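The following blocks contain the structures, represented as structure tokens.
What follows is chain A paired twice: with chain B in the first complex and chain C in the second.
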Partner chain A sequence: MSRKINVAIKRQYDQSSGSQWEKFSVDYEPGMNMTTVLQRIAAQPVTSEGKDSTPVAYDACCLEEVCGACSMLINGKVRQACSALVDNLLEDKPDQITLEPMSKFPVVRDLVVDRSFMYNALKKVRAWVPVDGYFDRGAGPKMSPHEQEDMYPLTTCMTCGCCVEACPQINERSNFIGPQAISQGVLFNEHPVGKFEEDERMEALAGAGGIADCGNAQNCVKVCPKNIPLTRSIAKAGKMATKHAFKRFFGS
Partner chain B sequence: MAAETAEKQSFAVRHHFLLRRLHSLSGIVPVGVFLIMHLTVNASINVGADVFEENVERIHALGPLLIPVEIVGIFIPILFHALLGFQIWFSGQPNTGAYSYGGNFRYMLQRVTGGIAFVFILYHLWHMHWLGNSFGGGFFDHRPGAAASTAAEAMQMSIWAIPVSVLYAIGVIASVYHFSNGIWTSLITWGITVGPSSQRIAGYACAMFGIVLGLVGLSSVRGFAKFDANATTETASHADSVDSNETLETQAG
Partner chain C sequence: MANERVVVVGGGLAGLAAAMRLAEAGVSVDLISMVPVKRSHSVCAQGGINSVNTATRELGDNEWLHFDDTVYGGAFLQHQPPVKEMCDWGPRIIDLMDRLGVAFNRTHEGNRDQRRFGGTLFKRTAFAGATTGQQLLYALDEQCRRWEVEGLIRKYEYWEFLGPMLDENGVCRGIVAQDMFRMDIKAFPADAVVMANGGCGLIYGRSTMSLICTGGAAGRCFKAGVKYGNGEFIQVHPTAVPGTDKLRLMSESARGEGGRVWVPRKPQDDRDPTSIPESERYYFLEERYPKYGNLVPRDIATREIFDICVNQKLSVEADRLCVYLDLTHLPGTTHKKLEGILEIYEKFQATDPRVKPMKIFPAVHYSMGGLWCDFEKNEQTGGLVQGSPRNQHSNVPGMFIVGEADYQYHGANRLGANSLLSCIFSGMVVAPSIKNYIETLRTHATDLPTSMFDQEQAKHKAHCDALIAMDGDENPYQIHNELGDTMTRNVTVVRYNKQIEETLSKIDELSDRYKRIRLADKGNWTNQNLSFARALDDMLILARVIAKGAMLRDECRGAHYKPDFDIASPDADDEATLKQQATKWCAEFQESNDKWLKSTICEYSPDSDHKFSYEEVDTSLIPPRPRTYGLKGAEIIEDVWKERQNNGKANADVAAETVASA
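Here is the complex of A and B:
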């Protein structure tokens, strides 16, 4: 007889319906991750009590923790399903693994959420380099290897939502844009071409919902799967915002 | 998310950033600086009643200026900081259950100790400050010869001696934790400590500062709780048969 893994999943039919828990048992396979478990459930959507159910909806894409699509709450904590190894989870808590959709985003269905919040936040801080190129303007300004080393980690953000999910300052009562957008704003402010739009970015970062809403709990940096130095970006953004506010106050 | 136009946005929204920076600043100057001075002055009771009374006298030497200085320099900043502090508190959603990291606990404690400090200050003003006079409190008399003993008596009132001392100890610990951790976060807020190692070093420094200030504060609670009000007033007023309490009442009244 093969070993079974018990999985409890918080399910929700669509954005407007309520949620309920459903339990599944899946045959254990060595080296499984949580996405594999969800694949097995989708292949045979029968609950632990033997009732027929529907496949559990989930997002996944790269399966190697670079796209950020599969973030969810696993045993109550946010992380990627594709890099959550069943063996490790069972070591911590052998009887049951729980899966829930992230709580700070609207649920589309089951474990699939709508992460537009983060893309809108990126728009607010204009997290891009403005190039509208009809002409070839030649090579841009050079960056030192040191600057590149500082900036590279920030570029690895995959908009997965872990930091947003874990941040106590993001909830229905706040307008905080969150650590991911702050860090991206800092990245493009420090970019030799992105710099030209620093003032526009700072309007968002030094406005309502901007950097001032961070409460320095530093959960974001703890949960970021890419180990992005978010708290460093946050402190930098704090400094940039103070300078910006002074400039605006005395310059106009 | 608010789709209001700039003109329609409330004052708080338009000046969000400025208000938050003022909140941070007010926690250090003047409120934090006041806390340091206040706790050190109180601790001087351990050196001697006369030293404490000299220090109190130096503050009250401001005379008619004292009330405006108190209002503008202490009460308004604390009230501003506290009201915005409560608003910030309730705009957050603590989640230490799921994410039990040290930083997250400090975040939550920053809010809880702020709340405790607020309640303590209200009680404390009733208890010691003349503002409490009209509410049956205000047991402290700042005049030389009375300051040390009235403060001590206020701390030692019959069966309340232990509860009052415990309350003061809690007030000191909450305020000092809140201030020390607040210095640590304000260094990030203002972009002074940016990287993880500078934040770690700042953390040790703030913890050391907090421990020292906390001990100073607790020593003054102990100082007043143990101070023998009768002994000194008797020597000070050279009263031999008169009960020192009566002496004080005649002095104060």
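Here is the complex of A and C:
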């Protein structure tokens, strides 16, 4: 008989229903990852007890950890399902792998959550370069290789939600915009043209739900799949906020 | 004009570029995407984006040479005016992306750095690490968010395109889409629709493409009457890493930065690859193509790797086909530039490619073909008439096609790092064309009776209900697996008519079985089963377009390779015979071009007997020529071809003189 992997999945039919665990057994394949496991369940949605079930709803897209879609809790830890290799997971916990939706976002169904909160936060911090238009106006600003190297990691943020999930300051009672939005705000404040809107950006970064709400738990940087130096961004945002406060107090 | 509204379907590079420029022109945009647009497949593009630049100009490069490389790379199967226009725009597009904040790698002086890519001898490719597609997409995403705040763009993310709405004159008046969470079906009236729905790699089961690249939207447009062009031209990328759920791309930039492809000369040599001495390694691309080396175009590199593994039996492993892609000799600074892809390899293969050569094999990667669209040539420049309503316009009035979804830019084979350019370019260029098209309309979507939209919604609702109710004995995922297997086996790198015929019969069988599928999810809330089953129907339809197109085309061109119709290469030892052979080769090449240098055009028929016809290709700017890429031993073909052209020209001159003097 082929080797089976046991997977327990926390399921929830829709936004108003409660959740329950359901167990599946999936044939092991060498090199398989958790998105493959979910694909196999979608193809044969039968529980470990042999009961017909429905395919588990999940978000996944690029399958190579650049799109940010498949964030979920795997064995209790937030990460991308595509880069979660079954062999490694079994090494830690051979009996069973658990999958749960991220807890800081409203569950849509099963493992699918609604992350629109994060996109709205990007609007608040005005995460863009305010160019005049899209016609030909020559090259962008020069930039040293060093500046590019500082900027590049921040530009790889996939809005996957891992940092938001790990952040203790984000909960039902807070309106903290979260590490990713702060980091994006810093990215554009440091851009040679982006900084022209620094004042507007600071309204969100230094205002309610902004940098002051960070509790410095530093969980965000530990779970970021792209190793973005989020705590460095947060420290920079803190300095920018101080400068902004002075500027507002004394006038520029 | 007030209340102009355009629907853009797809939020990858092409869709976002179109949306952003339409918004800039004051047009309201509804942007429909199956995933939050930041997750579009453009994020998977790694290596870079091509354009002529100051550094290449110093070495004699110009826009014309980029254009020449592109059509030579595409085996001359693309209409030349749009391609010329795209290459002319290249430098301006990179400048724009730079201004939008893309973190392009820099030189010491702070200028953009460039790397070399396949099919060219110039370093034209600007890059941001090895995640250039992601960086470009995010820059456009940010601009669209800005327009969202301004109120000109409304985003509908997690909404799936179900079909266009055509009025009684066959003019497109919007689309119908479904909320993938709540399952509501809604009509989106519009004065024009931009299809930016990307490629269709999932027809092949596993490919380098994302899970959303089903071809679902393209299939729905095809069914509604949009013609499909050059479907059989599917790019198989030479270097990917096999996985259980997808084949992960290892960017051409790995070779552009100095990576070398090789196999041990001794078949399945089981020594540690790093301990195999140089003399016992076969760098087959470098030996066979001394001029381009590891950077021959993708169709050629893929065929050579295939040949090494299948025919020469030199695969690195005995039970799995693969060759080495070796970066171990490169310095740390180069590894840093390639970090994005090296991390992918390390994460998924648990081997560090900085110290051990990667094991790679070709994988389905890009559709050169796609939905048909038009262009208007500017006779003065040879490029496009700016703002012509014909540009990117499909045969269905009001439907425009951009990005990988269109068939226009890459002919029979796409050059690496040209896709990001063609996506942004087509998205940019379509906006003024749409603006001008809307001005020609006498009635606008807002003038039409709502009953028309209600009817369309009801039609799609009924179809959804019927699909959910299907309760047969077939599993859609099983059908998809079988489709992927037969397509990958028979309609990829090496194609034989007998095998393609088998695939067509298999598609018949699968289409028949599709009628008896069962959906495991009968619910009306976030039903991903429904979305997949619906796309499967489109995949089956497009698979037929691809396979039938491949069967009908009895020649070798770019990615479409049929050994039974290959022209035998000159191989004689004595010079006279060699020349004879080359002369014969050139005559056959010319004959084949006369017959086959045409775009395949396919039109939908409900009985699956789709109509195939062939469209002349506009090669008015650069005459087609043999595509040897300096292959060792093929110099004689180049010589004879030149002679032939000179003689032809001389003959034409004589003829012209005779006419003049008569």
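Quick note on the criterion: the second predicted complex is superposed on the first by the 247 of 252 C-alpha atoms of A that agree within 3 Å, B and C clash if a C-alpha of one lies under 4 Å from a C-alpha of the other, contacts with A are read in each partner's own complex, and residues count from 1 in each chain.
Simple rule for what comes next: a contact is a pair of C-beta atoms (placed from the backbone, for glycine too) under 8 Å apart; a residue touches a chain by one contact, two chains touch by 3 or more.
Because the structure is a prediction, the values reported are computed rather than measured.
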In the overlay, answer first, second, both or neither for which of chain B and chain C A:Pro106 touches. neither
Name the contact category of A:Thr231: first (chain B only), second (chain C only), both, or neither. first
Using the superposition on chain A described above, determine whether A:Thr155 touches chain B (first), chain C (second), both, or neither. second
By residue count, is chain A touched more by chain B or by chain C? C
So in the superposed three-chain picture, is A:Val129 touching just chain B, just chain C, both, or none of them (first/second/both/neither)? second
What is the contact status of A:Pro94 with respect to chain B (first) and chain C (second): first, second, both, or neither? neither
A:Gly215 in the overlay: touching chain B, chain C, both, or neither? Say first, second, both or neither. first
Overlap of chain C and chain B interfaces on chain A (superposed complexes): none
Parts of chain A lying in touch with chain B, wherever the complex brings them together: 73, 76-77, 166, 168-171, 173-175, 206-213, 215-219, 222-223, 229, 231-232, 234-242, 245
Taking the complex as given, what residues does chain A use to touch chain C? 13-14, 29, 31-33, 35-36, 39, 42-45, 52-55, 57-69, 82-83, 85, 108-110, 112, 114-115, 119, 122-123, 126-131, 133-134, 136-140, 142-145, 147-148, 151-152, 155-156, 158-159, 188, 191, 193-194
Of all residues in chain C, those that touch chain A in their complex: 20-21, 24, 35-36, 38-41, 43-44, 92, 95-96, 98-112, 128-129, 131, 134-135, 138-139, 142-143, 145-146, 148-149, 181, 210-212, 243-246, 248-249, 340, 344, 347-348, 350, 428, 475, 477-478, 520-521, 523, 525-526, 528-529, 532
Can you tell me which positions in chain B touch chain A when the two form their complex? 1-2, 9, 13-14, 16-18, 20-21, 88, 90-95, 97-99, 101, 103-104, 106-108, 110, 185, 188-196, 199
